[in-house]
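Two complexes are shown next, each including subunit A; its partner changes from subunit B in the first to subunit C in the second.
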Partner chain A sequence: MELRPILSALMRSKVSMILIGVQVALTLAIVCNALFIIGQRLDHMRRPSGVNESDTFLFSSSGFGHGFDPRATIREDLAVLAHMPGVASVSTTNSVPMSGGGWGEGLSLKPQQKTSTTQTTIYMVNEKGLGTFGSKLIAGRDFKPEEVADLEAGDTLRPPVIIVTQAVADKMFPGENAIGKQVYLSENPPASTIIGIVERTQQPWMSSDTVENSTFVPGYMPYGNSSRYLVRTEPGRRDEVIAQVEKKLSESNSSRIIGKIRTMEDVRRDAYAGDRAMSIILGAVIVALLTITALGIVGMASFWVAQRTRQIGTRRALGASKKDILRYFQTENFIITTFGLLVGAVLAYAFSLWMMQSYQSPRLPWYYVPIGFVCLWALGQLAVLGPALRASRVPPAVATRSV
Partner chain B sequence: MFSYYLQLGMRSLRRNPILTALMVIGIGLGIAASMTTLTVMHLMGSDPIPWKSDKLHYVQLDNWSADNSYYDDGRPPDQVTYRDAVALMEAGKADKQSAMFKLSLPIQPENKELKPFRSLGRVAYTDFFGMFEPPFKYGGPWSHDQDAGHERVVVLGKDMNEKLFGGQDSVGRTVRMDDIDYTIVGVLDDWKLRSRYYDLTNGAFEDPDEFFMPFTAAIDLKQRSTGNNSCWKSSGDGWDAYLDSDCVWIQMWVQLDSPARLAEYKSFLDSYVNEQKKLGRFPRPLNNRLLDVNEWMADQEVVSRDVQVQTGLAFAFLVVCLVNTVGLLLAKFTRKSGEIGLRRALGASRREVFSQFLIESGVVGLSGGVLGLALTGLGLLAVRALYSEYKTVAHLDWTMIFVTVALAVVSSVLAGVYPTWRACRVQPAAQLKI
Partner chain C sequence: MLKMTHLQKVYRTHLIETHALRDFSIHVREGEFVAVTGPSGSGKTTFLNIAGLLEEFSGGEFLLDGVNVSGLNDNARSKLRNEKIGFIFQSFNLIPDLNLFDNVDVPLRYRGFGAAERKKRIEESLTRVGLASRMKHYPSELSGGQQQRVAIARALAGSPRLLLADEPTGNLDSLMARGVLELLEEINRQGTTIVMVTHDPELAARAQRNVHVIDGQVTDFDEAPRLREVAAGNADRGSGAESGRAVGAMD
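After this line comes the complex of A and B, so read on.
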């Protein structure tokens, strides 16, 4: 294939070439960065919470009136819930992973330590807590019923025993066995002894830097007259149990309000609603952009074919085959696209740099751009195929006609 | 002449329906993407109270630990302690001032057909109403005396009054919350707030507050905030220790009517903190802030990063659509060289040819704008579906409708300038020869 005639023809319609090139360049820059953002969001959404999400649900109960006894109510509720058919395990808790609201504390190795060694969230649960969450105990033991203390909201946190996640254990005691070690949740003694380690349980906050730093504390701590329950059902019986719970608890006590029942799947959906929306919106932008660019190439190529009908006829009359004409337009498109892509590569990195500086996003990995090259080359070839085929069907006789 | 060129333009567009459709759809899509994101960004970030946003200031004091700052970048905490809030309220140095926090309470309706329910409201001083100016339907705010007297009074939001009293004038009646009767002194009318800018500590796009009650009365009842609470050291056990602690859980706003008043208040805050330092509090260097409404909204990133990135990408997309249109117009106009040559030969000036083709681009832009407007409506519908919390900010208003159409026409005319200029350079003689 002779490139020189194509290049010299291109030089005669520089503006059209630049227009298509600019379009391809911007498309590459936007698509690479948008795909990268989508990829990050999907990775973010795929992180495991470490708890059973399919068979669990939670709800709050808030009593009112001076005669209301929150502790007695908790005891009754736990008994009622535990005996319901289909319920596998139930615990009180102050919060659950991904819920967005929770209790954060610093963890220290010494009393009065100036800066905490690391941050953790606190899950205040009873002896059934770990089993209800579905967090996997990988070392040590679970809480015993007698270790579950009666606490008041606002009390200083000095539990004798705690269970932490592997992430906390690694951070506090790197390379050591954390079981039996002591840590401080408040500035003064007594310290808390780590009696168990769970594999993984996320914090309530999805954007936390220490998302797997969680600590289980055994205790009942109603917030005023309010408490929250987490229920794990036997596999597949969640919805059936939810319907029963709604009925049963509303009958049980008239001086309280049962909050909306939410499944852990609802909690996850809400936690990642923003990431999902961002992915969908960027996905839509990518599709629209590729469509517009492809249609633009079709439009320009059709115009060129129409403009050069006579020249094509002449070439055909002078012996060029249909294939030669087809190749001509395909090669021309390839050259323009490549030129656009080279500019686009620079733009893509510039865009990424702007995102890094303004939003602390990570650098665009290098392989996005070459993949983008391949995709846009393919798109260009696909878009030019129709007009190029039309060009190859121009009969040689056109050359002899006037206009 | 304008209407004749308009006719010519329409006819020319009808002659190449596919090319025209490509251009109109291109502009429409580009406009829709950029206007959808721009509307959300504009409504999220726009000044919620333009006539006095520079007079309302959010008080931040840095009572955090000597060893760690509240935010990693050194900004002071986003809330204040109870003791500082009360000290500032008692000093009363600002033109208006209110400490406030979020409170959830069980409501026990008189009407036994309604089940008790939980309601989110706000605890504040009467100046809250003077500062943020919610519209009243019945009655009005409680008085300064009622603040001082710790009286159990309440202002209901419109929806709450609708629910409890069927929208009737309920002033003077009572509402039972957590077994205590509060006398209703006022009922709000529809308060159209895009963002709940007066409390950004739990996100800006939460549901509106359903009731308001005096700060002093709520503290008497030992009501803890339902919002955020942060402590850098244990508060100690019990309610009194909590009130005395360095935990931050209260938002504090002041109204300062002039720059001079602002400067005075700043120096008052500095001297207050210096006094407190003598008592052994405030171990950090002086770091008070008095951001106004817009500064505070920017500080708390009310316009989320996602929305900013989306808007940036959408405008880049619009640029691609316009480049596309330039190319297509160029193709179209070049094809008409013969026609242009004929018109020029018959005496039309370059200027006339220029305006004819520019009008044709304008027609493309207008059609693209109308299509874009319809698609923007759909886009905003999608945004509302994707982000449930943005329902107050994903709406078209008249300004944005006007901006949409104007942006479409202006950008397509701009896109038409180069192709038109090229078209005008046609030499009549060259085109007429065969």
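After this line comes the complex of A and C, so read on.
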């Protein structure tokens, strides 16, 4: 290996080496952190909601006109929807996971507790609620029809029975069986008894620290003349049912407006639009940086080959084979890239530290930088290959040509 | 050492065919110091390139130290060049970013010598040209004559059997040229075969034998005393009209 003489020659043209080295260093630092952020966003986006998203949709209904009876309409609508071909289950609900809006409450172990033990979202559903959400009951039982209460907007929630997610049960009663235990919604008596535990149902707020803390309360709570329905269809029949919903409900009661029907997949797409956009932008930045770095290496190597044609010819005349010349330029690139990567590694960890301190971002895992090293080494070698091959084709007779 | 027989070199484009060497024959024996002279465009450099395995030829036969070089692939030619031939160029062709030590080291690395062996050879050859004390200097810190001495050290470091010199004093003033020439003569006395291409009749006169090339053909050969006579006062013989078509005789 000609490492020492190449390094020594490079040290005499430091500007070019520093320019490419800095470019490689910044690329490594930014690409590692950007990839890590993308990975985090993708993990965030891949979290299961606990809802059967592929077969479920929701919509709202807003009645108008004198004499509109929201409670009667809800009962009629539930009956109409339940009898539609392809519908597996239907429930009213105040909110759904990932929707961005819902009802939050504190959960306490004692009445008048100063600070809630944990926070939870409240899903008000009927006895078909769990089945409609697709939430998996892992302990206890589901609601009975007689437990579903008619609630008024503005009521303080005092449900005698509730069903909580595993996350809530673990938080409230760590290491214990939560079934039959009593908790207080917003520290107010009377207590609610936990009758069931579901595996997972996310909150509507995706950035919440307690995203899986959800509580099901049996009840209807219409907001004025408005109500919201969640419908789960038989597998694969969602779109077919959606196409019929508005018509069927209008036939049942035309004094209302059916809001935009959204599938749970739509809800997920909207919930993570920001994460997706961020990932795409960062991905584009990575591609742009890698392209610019590769082009920089190609440009610099091409310039060096053109500048050193005579020198290459001389080396050939002195006994260098084509392979020796190819290896010379590859080694030179390896040295410059390595120099850049070493600086880049420090920058990558420094950038990660800054992100941790400024944005509470997790630490960049150590293996990102070595993987980045290998990728950028490969990129450098690939980028220099064209100019290096051109150099290897310089005929040795160039050495004797007069300039 | 070097034997070319009826050598042809033709450069072809889609429009033109140029015969750089035609029916070119020469035999340089071991230990000789031969000067190749001729006007510009006569084919001297083409001869040197072919002799140094820098270019291929179109026809004829070329034996280098008994090895028939026809049909050798690029790797084999590079290896043979590295082992048998030392080059001295008109423009020195030192690598500006390497110090003298590393410049002399270039052919030795391609030869595959170990570090200790390389160091020994570099020091010996730089000592031989009187520049051992300046090993860590860069070419730009030396005069033209010193640079050419480094180039000679580089050519000698691998102990070549044949030294090919292309206008070795062409870029030097007369004082420096004399020093370089004396060095070449000393190297030749120590047994290295030298073939030197030059325009300079005075320089050619110092060689043991002179070969004159015109239009890609050897038109004349002579022993040094006669050339010295020409250099002393006579006009350049130009076309070599009085030459004796001496290809066979040369051999």
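By our rule, the second predicted complex is superposed on the first by the 401 of 403 C-alpha atoms of A that agree within 3 Å, B and C clash if a C-alpha of one lies under 4 Å from a C-alpha of the other, contacts with A are read in each partner's own complex, and residues count from 1 in each chain.
Just so it is clear, contacts are C-beta pairs under 8 Å (C-beta built on N, C-alpha and C of every residue); 3 or more make two chains touch, one makes a residue touch a chain.
Remember, it's a predicted structure, so these values are computed and weren't measured experimentally.
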item	value
Per-residue contact with subunit A, leading partner among subunit C and subunit B	B
Subunit B versus subunit C as contact partner of A:66, first or second or both or neither	first
Subunit B versus subunit C as contact partner of A:217, first or second or both or neither	neither
Touching partner for A:242 - first (subunit B), second (subunit C), both, neither	neither
First, second, both or neither for A:310, with subunit B first and subunit C second	second
Subunit A residues contacted in one complex by subunit B, in the other by subunit C	402-403
Subunit A to subunit B touching residues, read off their complex	15-16, 19-20, 22-23, 26-27, 29-30, 33-34, 37, 62-66, 114-115, 152-157, 186-188, 223-224, 255-257, 259, 273-274, 276-278, 280-282, 285, 288-289, 292-293, 295-296, 299-300, 302-303, 306-307, 355, 358-359, 402-403
Residues of subunit B touching subunit A in the complex	19, 22, 25-26, 29-30, 33, 67-68, 106, 108, 115-118, 178-179, 224, 233-239, 242, 304-306, 308-310, 313-314, 316-317, 319-321, 323-324, 326-328, 330-332, 334-335, 383, 386-388, 418, 422, 434
Parts of subunit C lying in touch with subunit A, wherever the complex brings them together	45, 48-49, 52-55, 74-75, 78-79, 81-83, 87, 89-91, 93, 95, 97-99, 102, 105-107, 109-111, 138, 154, 158, 166
Sites on subunit A touched by subunit C in the complex	2, 5, 8-10, 12-13, 310-311, 314-324, 395-397, 399-400, 402-403
